[in-house]
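A short write-up of the structure that comes next.
Per-chain residue numbering starts at 1, and chain names A, B, C, D, E, F and G are given in the order in which the chains are listed.
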Amino acid sequence: MKVTRPELSWWERTYFPAILKGMKLTFSHIFRKRVTLQYPEERWTLPPGYRGQPVLLTGLDGHEKCTSCKLCQFICPPEAIRIVGGETELAKEKFPKEFDIDMGLCIFCGYCQEVCPVEAIWLKDAYELADYDRTNLIFDKEKLLAIGRKPPYLPGREKPLEEGR
Amino acid sequence: MPLIRIDDQEIEAPQGETILRVALKHGITIPYYCYHPALSIVGQCRMCLVEVKGAPKPLTACSTTIGALPPDKKIEGKYDMVVSTKSETARKAQRGVLEFLLLNHPLDCPICDQAGECQLQEYSYTFGDPASRLEFEKVHAPKRVDIGPHVVFDVERCIKCTRCIRFCQEISKTGELTLSERGVHTRVDTFPGRKLDNPYSVCTVDICPVGALTSREFRFKERVWFLKSVNSVCQECARGCSVRVDAYKGEVLRLVPRDNPQVNGPWMCDYGRLITERMKGLDLAGRPLLRSGSAWQGYEWKDFGAALVERVGGSPASKSESWAVVLSGRLSLEEMAGAQAVSQAFFKRSAGPVPDVAWGEDDELLIRKERRPNLMGARLMGIPVGEQNAPLSGLFAGKKAALILREDVVGDAQGAEKAAIQKALGAMDLVIVADSSFTETARLAHVFIPLAGWHEMEGVYVNFLGVAQKTARAVVPPRDRRPFHEVASLWLTAAGHDAPEPTFLGWHARVKESVPGLAETSIKELLPHGLQVLDAPAKKKVKKGEGA
Amino acid sequence: MTEVLKLLTRNVGKPNSTHVDAYMGSGGYEPLMTVLHKWTPEQTLNEVKGANLKGRGGAGFPAGLKWSFLPRGKEVLKYLVCNADESEPGTFKDRLLIENDPHSILEGIIIAGWATQAAGCFFYIRGEMPAGARIFQKAVDQAYAKGFLGKNILGSGFNFDVWVSRGAGAYICGEETALMDSLEGKRGQPRLKPPFPAGYGVYGVPTNINNVESYANVPLIIKNGASWYTAIGSSSAPGTRLFGISGHVKRPGVFELPSGVTLRELIYEHAGGILGDRPLKAVIPGGSSVPVLRADQIDVTMDPDGLKAVGTMLGSAGVIVMNDSVCMVKALLNLMEFYAHESCGQCTPCREGTHWLELIVRRLEEGGGRPSDCDLILDVAGNIMGRTICPLGDAAAMPAISFVQQFRQEFEAHAREGRCPMRDVRMTAAI
Amino acid sequence: MTITLGHYLILAVFLFTVGVIGALTRKSAIIVFLSIELMLNAANVVFMAMGRYFGQLDGAVFVLFILAVSAAEAAVGVAIVVAFIRRRGTTDIDAANLMKW
Amino acid sequence: MMAAVVFFAVAFLAFLGALALVFHRHPMVAGLGMALSTLSIGVLYVLLRVPFLGLFQAIIYAGAVMVIVLYIVMALGREETGPRVGSVQTGLTYVAAALLLLQFYWAIVRSGAGPFPEGSALAPVTSGGTSYPFGTIQAFGSLLVSHYSVPFEVASLLLVGAMVGAVILSRRSWS
Amino acid sequence: MNAYWPIVVPALIKIVVILGIVLTGVAYTTLAERKVSAWMQDRRGPNRVGPFGLLQPVADGMKFFFKEDITPREAYRPLYLLAPFLTLFPALITFAVIPFGTQISVGGQTYPLIIAPGMDVGVIFLLAVSSIGVYGILLAGWSSGNKYSLMGGLRSASQVISYELGIALAVMSVVLWTGSFDFRRIVDDQAGWGHFWFVGPQFLAFIVFTVAVFAETNRLPFDLPEGESELVAGYHTEYSGLRFAMFFMGEYANMITASAFVVLLFLGGWNLPFVNYAWFGPLWGGLLSAVVFFAKVAVLLFVFIWVRWTLPRFRYDQLMSLGWKRLFPLALLNLVLISTLLVLRGRP
Amino acid sequence: MSEQDVAELIKNPEFLAKVDRLVKSYPRPQTALIPILHLCQAELRHVPVEFQAFIAERLGLTPAHVRGVVTFYEMFSEEPHGRYLLQVCKTLPCMLRGSEALLEHLQNKLGIRPGGTTQDGRFSLITVECLACCDGGPSLMVNEALHKSVTLADADRILSELE
């Protein structure tokens, strides 16, 4: 593409006018309204669909919905998810004996939520996950379930999946 | 031969051959479920419907045979048959059948072990409609049916292709399975109280095109797309079935037969597969150990060669006749070559004998009573093979030192024989044991060499039919175990002897020198189906599959 | 009004008609003796061929031609099968013959055996006809006693056996290969064709299979000659046919008529008209598995060509008549339940498709349907049609398609109103 | 203690000698060049000290000239070194054994 | 007293820098040694009451010449070159250096300037033939543009020539 | 020795005071930088530590103090350790010759507000010392053993050398004008009736000098040595903790020096138009002059920050071309013009 | 219960003779399977798995095969039905002639649903597909006896005769 550059006068070629104009602009900003959010005191209203802490959900029967299909483990770009599957007496046959998410690796992409066929994993609106110890960032099944949501779910977010097929 | 056209491809096909076989042979995709190359043709899944010119309705490719037309009736002047697998008619038929198959098939792919290697899944993507038109409750049937000791049956997932039933009728000839009920309630079933319990029962899992039959041992272990597969050889009997070893994260999770008409067809026995279960119980060896008194001392490999040389050289039993060198039929050819070289260099005698361990009986299909995969290899290498099940205590009588490779002579012996061997070994000056697990024999050793398991190394094995096959490394040994040929290189070089490179290829070159059948062959020829290096003695034919 | 003939049904109603002596008293077994003593098997075969006897089981394949497919010669082991598994809804003509005139069937079988030099015949009768089985078994025993069966029949050197075998309640066993499987003591699942029974039948032996009525025609042909036979009825399907009329007619029953008779005549003359004198709504002219006809389509001759012209088939000539009290959706539901129940479960489209059709039609009938269901039925049935091993798939699909095509408004009315519009109309039962 | 002219001269002498050693023994062209500069600086010290001794600024003027010259020399010298390295890939003056460029 | 302390400290640093230049294997350290040396000499100039010349020394030698040299050394990478220890030339050089030292010493002694006689004490600051005090820029400038005007111009010519030469030499190509 | 006390004690006091002011200035310049940056971006800036974030520099300093000090394996250790000092010390030493006010008289004694009052070649001294400062950058870049650091060092060195020419020539024209290298003379020449701040008569020099000073201090738009998008953080990429803090302080100290330099040469030093400090008495006049001086410096520091958020970074070849092809000729031209003017005016 | 019955049955020489006769009467023994199963169904009113195993061995078939056959055919059941098996034809021609009413009537009268057995074990009610007497619909088959054109009154009479 051909870009036509404006013909500049000698004065303009020194760039002083442009520089001064720019300085004026930046200076004027000093007096504008501040947009900073005073974080711990003020907080965002999170938009719906905000992708924060991934958690595990339970079904109406109180058991985790996860069937250990490992699609999330497969899709997870940073390989933050580790699942050990096992057989259960429940109708779903299979359940995760172990289910870890390494929050140190998680990039909150939400692929796991997207790919989960049973809507067992969900990115909740929690985002304050910092810790002093990396090992504390590996969230195991119990923890993920504990911070996960239990039915009955809040209205408006998403309807709980019908149990069974 | 009749000239036919399938889609745009002109093919000369033998008369009487089915369309499906011809198409498969020429790389044309026709979906199918009930057809299996090693089983009879029933044509009941109706998935392989194709359009045949002149036929009023689509025909099943698996059962429609090719015939010759008289010259004046040839289609388009030259073809005996014109088949279309992609025409609107054919596609519609395939789509329709697939829709029917999926009607009552549960959508539990996330749970199903077959997901990832499921023909129903694959064809659904290729041929099916994205959405189901069924708006009714699916027909429910029992799940997790305990159909046999190694097989679990999910009735809902079954698409009634009857491959498993035909397998039991035609291959294992045990007939445990049948269809029961009828209509939409038709299901595969056993007789009450009689399980699917034959030595080949897991083959039904292999041939099940969906996840209806699952292996109890592999069930829910791992999703198949995580598995890393290598071609290998089963180690459990002299048949040496061609297998595929599927492993994940350093653990061998299952063995699946590879279709090899020369050896095992598409089948393998349950006993061979259960090696994954037996491996779990093994106390897998770590690093080289030397014993003085009752204390074991661990070594690094780099120091171990010298330690070995010193221990052997310093032992009073340095005369050749005082050494017993017992090899195993579990050693690969390369390891045998290594053992032979070590034996000649340090003990001034040739290695052997190789005990011929046998139990059970040969059956009509695959299982051999000789339990070592490489006995024929030992014979080819010129290493003497003992009498079948001959007691081993005689080998150690009067000897002062022993080198025992991959054979748990103590653990495998019984009663008085066991005591005799224990006594003989206990009285020796120097016992060197090399194995991949710390066996009972190893407890009596002065030197223990940790060997890589068969799944952790490459090697060539010759089965009783004289077919040489190569294994590949399925798993990197989590601890530092090595195949014996590498140990041999270490040992020989530590003493200043010439030795090949401590690699499979280095020693394989040495093997080629001593096995005439292998001399002219390349490694490539040993893959994937092996190579007949010896005329087989009265070869008993296995029912052949032709590449399912 | 076409004259009711008494050829096949000549012995029906006679006292003691099932006894061999009665049968022989009216000239029975004479044709058999004729062929055994005077005719070669070839001659016999050609005579039947010449009569152009069309199979009466439904497919209408010429019987003589079918026989000729069997390998020739005495030395080749072959079997005959008589298909007495009459289970098509609306068809009940064979029961009449079996229960009233078993010997004419038996004679036809033995003549066919002579013509084809078969070793014997399996008489496969429905399990639901225990009486028929008993009667026929008795007839066989009598025939053995008279020497019409067994070794060296009537001194001709011809050995022939008849084995009576009962089915056990499976419509599909009326299909020839399923019947053979059933005979072999297996699940009655149809076999893949080819190989055809003429090459690979019962026990893998070349086998010929014919319907009861077909066999019953054979003595008549032998007795009177092929030319006599071809003169009766229409030229394309000579001979008389046993028309069974059921449903909403005043006089249901079996009528033996030449095949050229029209449907209207059959219903209004022979069967005495519509029950309750209500208007006619629909007719299924050839057993439940053929396409249905509307009331305005009944002026057709009851032969294959005539029915083909209105898009249906003669089938097994079982006419089911429905008056205007019938809800067509309910009628179809009944048929679909039948086929779903009777599908053997072997091949996919039939196993799954019939079940699905049943579900769709039931939903329509029960009021949960939607207008698109009509097209869904057509599409699903179309997917079954011609995709199955045996004709049961077609048999289920054809009524489904024809019901929807012929009575689409009624189906749509169900969907539209969310209920069966005729649910309050009680079907007339004239009992 | 007073600092005399001798102090400056002896310092200059030492610096100069070290410069000579560097110029003659080092391989690197850059170090050789710097050694020569060091010798110049030693001379400068003498100029300055003498000028101070005689109460004349002429020594300082000379120093200024030498500064100018050495700056010029630095420019040319560095340019030569750069060009040499470009051609030979080393600063080793032994590599400069050809009488042509 | 103060001046003596400063002198010895600075002289030591100058010598140290010189030694680093010649004997340190590392060209970067060698260069830094040279820089240290020149800076120290600059301080000596200040002690000798010509402060601005000392600052010039710092600006020109330390600030320009040495920076450019080090720049080159840096750009070359970390090549290490030591002295040619053991070669004949090295031996001869040391002999020559020793002889040189002796000769200088003899010369200094002969001249009566050393070692450190009180009489060779540096003279008090005088105007030195100009109307300005010794060591001031004014004095220096007037001397430069009057008595030394011709050498001054020649030096500037030399500088221009050197500049042109450097540019020509470091041109990659003439294209 | 007693003769020294009247000189040494006030000098020591002045050193302590000036260093205190400068180091505090450095600290708060960092805060100012962050605050002003924030304002210009409609943010608030640091406001957590202390009122309005005033203790933020303390917190930062503490943090630097406790941070781990890492020496890379590839680093050439002696020089790596030396480099930060070579950056910081020259930056601080320059304050020795910068006068920051007239003088104050306490107890009959008059103390000029400069650490080294006798230095009549302060301008050259300043130039000399700042030319030494480049060693720190050069050594840091080279000794880190990191290609980014090396590139940063090389860029910085050539940039500093290139722009030093402009500075020297611009200074020269001022020196020609006043005929002295003494800051005090230069400032005095800008004081009183009939004299102008040199920003007027020496406008070209002012422009050249200011621009060059931005480059000398590696500030935007000339912060190529740090160009984080290409060079991570330039020559101090590998430094952390206290050593990094030294670079950081050095950079801000240089900014203050540069601002002071500009104020002294062109903006009239502590002079204000129509103000005579003698009016306020010997003590208060002196202090007031110092306050005015530092206020001017502060304004210039603000300009530094202001420019940072206004102008984008130069490309390296543009930087060089600006230095050599624009500023250098301009400075020469200015020198010729000034000389001509002086000759025409006939001033000695 | 069924185990005992089977044990008795397969020891009953009369029954065994019948079986043997059937086996011999066909060209190949397996053809006798369905007739034998009919025998058992008639004797025990169902075909228990024990009998299936017995007959499989007798005929040289696998038990699974026999089970497949038993479950395939409608007339064999693995669970016993009542002494009288009432089979109502529900297919179209019979439906047209009132089989629904008949079935409803029987249900009400016996208090069982199709597939059920009365508590006293006398009657089992099932629906069957076409009995091939469409002209005589609605048809009702009681064990092996076929009743045509069964009115509700007929049905009552038939039942009462059985009691």
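Convention: contacts are C-beta pairs under 8 Å (C-beta built on N, C-alpha and C of every residue); 3 or more make two chains touch, one makes a residue touch a chain.
Please read all numbers here as calculations on a predicted model, not as lab measurements.
Trainee: Hey, how far apart are chain C and chain F in touch steps, shortest way?
Mentor: Each step joins two touching chains, and the minimum needed here is 3.
Trainee: For the interfaces E-F and A-B, which has the higher count of C-beta pairs in contact?
Mentor: E-F
Trainee: Where the CA atoms of chain B average out and where those of chain C average out, how many Å apart are those spots?
Mentor: Going by mean C-alpha positions, chain B sits 55 Å from chain C.
Trainee: Just curious, how far off is chain G from chain A if you go by their C-alpha centres, in Å?
Mentor: Whole-Å distance between the two chain centres: 65.
Trainee: Just how far, in Å, is the C-alpha centre of chain G from the one of chain C?
Mentor: Whole-Å distance between the two chain centres: 24.
Trainee: Using CA atom averages as chain centres, what separation in Å is found between chain B and chain G?
Mentor: Taking the average C-alpha coordinate of chain B and of chain G, the gap between them is 50 Å.
Trainee: Of all the residues in chain B, which ones touch at least 2 other chains?
Mentor: If we look for residues of chain B contacting two or more partner chains, we find 178-179, 181-182.
Trainee: Where in chain C do residues touch two or more of the other chains?
Mentor: 170, 187, 341-342, 344
Trainee: Which residues belonging to chain G are in contact with no fewer than two other chains?
Mentor: 65, 68, 72
Trainee: Following the definition at the start, I'd like every touching pair of chains, please.
Mentor: A-B, A-F, B-C, B-G, C-G, D-E, E-F
Trainee: Name, in rising order, each residue of chain B that touches chain G in their complex.
Mentor: Against chain G, chain B makes touches at 174-182, 189-194.
Trainee: For the complex, give me every residue of chain E touching chain F.
Mentor: 26, 28-29, 32, 35, 39, 51-52, 55-56, 58-59, 62-64, 67-68, 70-71, 74-75, 78, 136-137
Trainee: In the complex, go through chain G and note every residue touching chain B.
Mentor: Contact set of chain G toward chain B: 49, 52-53, 56, 62-68, 71-72.
Trainee: Residues of chain G touching chain C in their complex?
Mentor: 25-28, 30-35, 37-38, 59, 61, 65, 68-69, 72-76, 87, 90-93, 95-98, 100-101, 128-138, 141, 144, 146, 149-151
Trainee: Spell out the residues on chain B that touch chain C in their complex, using ranges where they run on.
Mentor: Result: residues 41-47, 49, 56-58, 60, 63, 65, 92-93, 96-97, 99-101, 103-104, 133-134, 136, 139, 159-160, 178-179, 181-186 of chain B touch chain C.
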